[in-house]
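Before I ask anything, let me first share the structure, which is written out below as structure tokens.
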């Protein structure tokens, strides 16, 4: 198996695909963390919500593309609601109350999802775009997974431009670097945070909607993806786009090859990577601030 | 002082309930005692030491599994040795995990503990030798027939569990009054200053994590004896969440608060689980409400309302 | 007691500290002055152990501490206060002092005795509290103290460890004249054998109380000498005291 080049090719692509999903989730978390020292633990639940809403839209309209478009918007709206009703109130209370509230939200959203969609895994029944296989060399590979990879890379490119070529991006980078000074220079840090938070929610929803045709949707998928996402944030380094990208690649490769080579211990490999980073380079591989 | 009086009153009420209870009451009391011990151990770490863990149940479950494994045919230790092995074995593992985890602070630490907790859950889930997803049956209780106590009797077991919980309260209250307890509070208030004053911050944090883990493992060994059947769910993030909510609902950093929280949450869960499938949402809702209220849980509220006390 | 040899520290393109040396004997009263941006804070942090130098050495009572952590330096006999109050805000004055004592002596492992039962420690805390004028406030929460009292406590924490070398970072920062007077009284009453290094902006304090002064500019030592020598130096006059001299 290990000498077969197609094994490496397939698992390599699988790693990339998992990495892209992790990237879509971790980038929002890490930039928000860098900006405001706050982690939304319910972020995984928004991913699940994106998948479930995407499922419903796809089933109702017959178009999975419509789901890709509308589910992220719906999740962003939910995120805005959560921010306005809960998170904003606790801005002055410090990071711990905010984290605790989002932790409580995991339970609430999980049950809400079970109530609305049930506990079973839901697979979309209509036509899924890119559902064929593409031959890479002699190896057949699901085209849809290549689509996911493409989406991830496109989002990375888009975010890179946003962060480095727009005013909002400059404000975000300033806020991550030194929120106090940025505010003193006239950057409306609260507003920047709100926009970045919404963007993060939208990306989580997109990740869910895009993952749904390949992996089906169910209420428990939020917590399942949360821990690898948090590991990516720690390993990649907080506050940076490239950190999220590189961290996602590291964890994507670790989990995919780990599952293929040592099925029972794949999780351990990921935690080993986490421990190694914590011991050797606690600030992460590519932190925004050193 | 008020808090110790509150604890005295609370334990007195629990013992009084025990004297009137029957089977169902005994089962509830035993569960309350187990979670009170677990919640107190988390309060020591989080409320006093300032290290909030979202993976504490993993240490609890580890204690349960260690007790079961040590007492089983695979190892064959007597129950008292298995209890000690479970508690201190969990403490050792907590020390190893803590030594790594305490190198980061605040939210990073919270995230790491969530991760490690899930790793623990995954380990026992995959481990077929210890039952995997199906769990472990036939766990033996401590044999106290030599002193005339039959722990297979639900009433006696519940009483033993309650006494254990009371003793743990006294032990932790004592530790908090020692120089080590002062260091814990200092680590919460200002670890940087402690470092500048000459304290090895990481060493003490890891020690606190290990001590808290030992107590959590002890709670696990009692839980295993209570239900005599354990599953990996004991280590799950939902269980960690429940314990944390107990501490916060009762009052972080009060030691008696976790006991209050354990009583309230265990009773509520039993009442409401039979009516609704969505106990999780209710628990999460409680947590959100308590945090939004800006009071330090029920004990914090009581202290606020007491005459002659400033806020 | 404390010796720094050729300390250098760069931050990117900025030479924050360049080839700085100084030497304090026991009983020294040494001040570091310089305009804003001269590198006083960086030098202070290098000595305290918050940052490591790129090159150079630091010796504490003859022992190499160049790369030692802040807590190792404290255990070796270095005490320091902070420019912005860095106290245990949620606790009482007594517990603040007790923590300083525990940290220095390594008694944090004592789980077999109650904190309150250590009479020797309590006596030490009472003595230091009296020395800084907080003798009646031991049971008070830090939150209830005035700013000046907190600054006193800030120094008291560093004194609890019975240090050989004491680093004071702008001890009179933000104080009223009355509070400044009290702080000066405290500095005057410090043990004669203690080597004291003060970073200060208050020139009156410096010239009245320091035995030796190091003047920094752009990260380098511009001049070092007694207060009279510093006042007489044309070099220092021009670059630093220039405006004041002209105003006289």
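The letters A, B and C name the chains in turn, as written, and every chain counts its residues from 1.
Methods note: a residue touches a chain if its C-beta (ideal position, glycine included) is under 8 Å from a C-beta of that chain, and two chains touch if they have at least 3 such contacts.
Fair warning: this is a prediction, and the values are worked out from it, not measured in the lab.
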| item | value |
| --- | --- |
| Chain located farthest away, centre of subunit B as origin (C-alpha) | C |
| Closest chain to the centre of mass proxy, which here is the mean CA position | B |
| Chain centre separation (subunit B, subunit C; CA means) in Å | 43 |
| Subunit A and subunit B, separation of their C-alpha mean positions in angstrom | 32 |
| Whole-Å gap between the CA centroids of subunit A and subunit C | 47 |
| In the complex with subunit C, residue positions of subunit B that touch it | 174-175, 177-183, 185-186, 188-190, 192-201, 204 |
| For the subunit C and subunit B complex, residues of the former touching the latter | 48, 69-71, 74-75, 80, 82, 86-91, 95, 98-100, 102-104, 106-116, 118, 157-158, 160-161 |
| Complex contact set, residues of subunit A against subunit B | 33, 37-39, 41, 86, 89-90, 93, 95-97, 99-101, 103-108, 110-112, 114-115, 223, 226-227, 230-231, 233-234, 264, 267-268, 271, 274-275, 278-279, 282 |
| Interface residues, subunit B side, partner subunit A - complex | 52, 54, 100-101, 103-104, 106-108, 110-112, 114-116, 118-119, 122-123, 126, 237-238, 241, 244-245, 248, 277-278, 280-281, 283-288, 291-292, 294 |
